[in-house]
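The following blocks contain the structures, represented as structure tokens.
Shared chain: subunit A. Partners: subunit B in the first complex, subunit C in the second.
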Partner chain A sequence: MNQSHVSISGLKFSYPDGTQAIRGVDLEIRHGERIGLAGENGSGKTTLCKHMNGLLSPSAGRILVDGREASSLGASEIAAKVGYLFQNPDHQLFCSTVREEVEFGLRNIGLGADEIGRRVARYLEMLGISHLAEHPPLALSLGLRRLVTVASVLAMEQELLILDEPIAWLDAKQKASVVGAIRQAGTEGRTTVVISHNMKLMAELTDRLIVMTGGSIRLDGKTKDILSDPAAMASVGLVSPPVTLLAESIKDALHFTRRIDTNEDFVSALRERMPGGGTRGTG
Partner chain B sequence: MSVLSIVGMSFRYRGQSAATLQDISLDIERGEIITILGGDGAGKSTLCKTLNGIVPDQEKGEFSGAVLLDGRNIKNLPRSEVVSRIGLAIQDPEAQLFTDSVEEEVAFAPENLGLPWSEIDSRVRRALSVTGLASLPTKSPSALSGGQKQRLAIASVISLLPSVLVLDEPLSMLDPRGRAELLAMLDSLKQERSMTVILTSNSAEEIAVKCDRIALLDRGRLVGVGRPEEILTSPDRLESIGVEPPQLLELSALLSSEKLLNREQAFFDEETGAGRILSAIGGRGGGR
Partner chain C sequence: MALVDIYVPKKSPLHGVDPRVKIISAVLLTVVCFFITDLVVLLSLLLYMQILVWSTGVNLKTYSSSFWLVARFSIILMIVWPFFDQVGQPILLDLWIYKPTLPAVLRALAIAMRIFIIASGWLILLLTTRHGQLVRGFVKLGLPYDFGISLSIALRYLPNFLGTIDQIKEAQASRGLESSRGNFVKRARNMIPVLIPTFAIAFRAIEGLSEALHSRGYGANPARTYYRDINMTVYDSIAVALIVSVAALAVVSKVLGIADF
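This part shows the complex of A and B:
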């Protein structure tokens, strides 16, 4: 659990057009951590993550995955170690059926037919798309295309999962199945890095939050500590979840002391202020 | 007269057995901001495309009913008038970006309208400024981040200064600052130009709580139209049609199930919530 899974030191990266996207990042990610990566559009989140699966090579500095330079790993080694969900589902769909799409990566890492069948069934069911197995993915709605890519990535069962905006374009039911699937991956001990602008999602899925601005890490701490601090959030161009802002506006009147970033926290805080403490149903 | 009227409209894509839109009727007023809320597959994107004629002109199928712009059926209007007066930014920004620079992308539509250069220049500057892209005029659209691409797709429609602005899922990739700026921009377009704005979303957070009206779309049918306080009353109802409820509406439902608040005291915005909680809890002697 405490062993370093990803180790980044002095990382800098500039795109060919000269844009300096990463301006010196040092970061240690331990095995099994559930990490959120937030920041404004263009702050470098996606660029940083593309170094973790060797899609980009540093202009300076180094990035180690399981102790080895990410950019030196071969495609098959990377595919076995790091799962990467692209921001735009259409960048990773190319097979003629949903089933083939999920099978593709599994075949490439040499799994047997039984194991492939088991994983395809498991992840299609987890994402609620078993009934679409024989459909062409590109004929599906954007939300369903996103679910297919999530199933394809999760089925690989890599130790490190990078999920770039996993719930963009998803409706409420689809979000619930993706959140459940990512949570399950965390429970199974896989390291998860979730990139999102949705702070409610961060509260649900991550324990540690890293916030980037202008290609550098500005905040790195417990998700709850950062989300429940509206001033810290504002300093990096982010906004706390609505329930945190509501709690903030009445915390003095109600003497709230606990950190609040979920509705459940709010109810607990309110109970503590009720006559008789934690008893239920006062009227 | 309504600026846009949808009259008994139904549409079934060629090759599909089920209709994507069924008997939709809706009048939209000048200067109104209306959010169409629905789950994935509810028909939101198809509805957007009917508003400027992409459906059924380019995406074929069986279409009935009509879309009226200022009382005139858009199918009888010149195409150039329809696309310049009803601006549409589609769901996937990458699918509509094709030039070599941010500036060219935004200038493309006004250039095609044959506007004088000074007018094009001023529209491009304003659109880039309100979408926070003013510092990136020469950047290649393909080199932008996901959220920046979404801002650019919106800027390239705003530069048309349409009477009706249709934005399909405009918030999906935007950061909080981008969302706040977009909302402020829509408000100023409404105030200054009486622009009508139609947005879609699968989440009732943020935009839906601030718009003038909400239309709920479920499997191709309109199942509710009204002001936010009339529509955002039950998180379960929203979830049942695939719409993510506002977090504070879920909180008020939770407080009511925990008997800390009455059901009639439901809220979805911070100010109302603070008032209701303080009066309910204060009245019980809490907070001392």
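This part shows the complex of A and C:
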């Protein structure tokens, strides 16, 4: 947990049209951290992450993944170290079956047939799409296509996972599968970076929240501390989760003292204020 | 992207010209170019066209990639041309079946210059005309509205489509696909994971767009009305008359052998 996984220093990046997307970022990500990356559209979140898997090379500064320059690693080498889930599932699906789609990346990083078989079965099961293994992915609904891409990225079991809006286009059941799979990756010690506008998701999946504006990092701290501070969130153009805003509006009346960013926190805080610790009527 | 999404709002005289004048000029320039064989005349026309491109006030960076694409095509054409045209003397090189002669090289040079001149003409049209005006210009010149809207959609979506291809390449590279390694066959095979999603996205976009057009009443009323119409000014009419006259004079005098250029 304490070892540096990603080390970014003085990172600047400009696109060929002259747009300066990153204006000097310094960031240390330790092994096993669960990071959330938030910010308004165009704040530089995706551009920053594309540096972590070598898709972009810095205009200035350095980015090290496990102590090695990310842009110097070959495609299969970086693919074995860093997983990247893109926003749009249609940007990667091309195989004739779901199984082949999940196998594609595993073959690219040179795994044996037994290991490929084990991982395909595990991740299709984890995301609840085992029954679709022989279906053509392009013929599936958008939500299911999304699950296939999540499975194909998670199956590569990289140490660093970057997930761009992982629950977009999913229904409640599908969301639960993906959130569970990402939590599992975190439990197994993999570093996760979740990019999202969904602050409820951030509260569920991350411990550290980084907020970017205009290509720079504006806030970096514990997810709970940032999300439960509506004023700080508003200063970077974001809105706290609804439960935080609700707690904020009634905290004086109910004398809430704890920071609240999840439903569980809210229920605990209410119970603390109830006579007898809120144990009545729960059984 | 660079070829189509290059309209730049400026206040140059060419920006103010009616799109029909620019379309007619580009078409006539394309036709007249093929009648000109004299290298000096071609070179003069090429320089004149560059002055016109410069007069649009658009930064060179905006269209340099378009010119670079045309330049690459012209260079390839000039290299390949002597394989098929070996008429004349002297032979400049004798490499088995590749024997470029001086007249053939000059003819290839003329073709390359024509391509540049024609590209410059159409580039001026695209640099100085909004998509909507361009389509309206074509329709006012008598082309069916279906053609106009198809052209408009193509111009609107091609840049997005090319951007999508880049994103697909990035998504596949993240899964370890090395598309730029290996021999020709391997590289071609590695394009499959890029091409299939590209076509899938294109077909989905077409389906979605056609449904969206249908749901907004496309084709329901043949007598369409237009919110922003285009109108020719007196200057536009004079310009068309002049351009058509000069082009006709050039072609007729060349065909009848009155002038040699």
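Please note the rule applied: the second predicted complex is superposed on the first by the 278 of 283 C-alpha atoms of A that agree within 3 Å, B and C clash if a C-alpha of one lies under 4 Å from a C-alpha of the other, contacts with A are read in each partner's own complex, and residues count from 1 in each chain.
We adopt the following convention: a residue touches a chain if its C-beta (ideal position, glycine included) is under 8 Å from a C-beta of that chain, and two chains touch if they have at least 3 such contacts.
The model shown is predicted, which means the values in this text are computed figures rather than measured ones.
Overlay on subunit A: subunit B and subunit C clash in the combined arrangement. Shared-chain residue A:Thr187: touches no atom of subunit B or subunit C.
Of the two partner chains placed by the overlay, subunit B and subunit C both lie in contact with A:Asn88. In the superposed pair of complexes, A:Ala79 makes contact with subunit C only, with no contact to subunit B.
If you count the residues of subunit A touched by subunit B and by subunit C, you find the higher number for B. When the two complexes are overlaid on their common chain A, residue A:Ser235 makes contact with neither subunit B nor subunit C. Contact with subunit B, but none with subunit C, is seen for A:Thr19 once the two complexes are overlaid on the shared chain.
When the shared chain is aligned, subunit C comes close enough to touch A:Leu55, but subunit B does not. Contacts of A:Leu245 after superposition: subunit B is touched, whereas subunit C is not reached.
Listed for subunit C are the stretches 25-33, 43-51 or 223-231, of which 223-231 clashes with subunit B, judged after superposition on chain A. Shared interface residues of subunit A (contacting subunit B in one complex, subunit C in the other): 88, 90. For subunit A in complex with subunit C, the touching residues are 50, 53, 55, 74-76, 79-80, 82-84, 86, 88, 90-94, 104-105, 108-109, 138, 152-153, 156. Residues 15, 17, 19, 39-42, 46, 87-88, 90, 141-144, 165, 168-175, 197, 200, 237-239, 241-243, 245-246, 249-250, 253-255, 263-264, 266-267, 270-271, 273-275, 280-283 of subunit A touch subunit B in their complex. Those residues of subunit C that touch subunit A in the shared complex are 164, 167-168, 170-178, 181, 192-197, 200-201, 204. Those residues of subunit B that touch subunit A in the complex are listed here as 38-42, 45, 91-92, 94, 139-140, 143-148, 151, 169, 172-178, 180, 202-203, 205, 238-239, 242-248, 250-251, 254-255, 258-260, 270, 273-274, 277-278, 281-282, 284-288.
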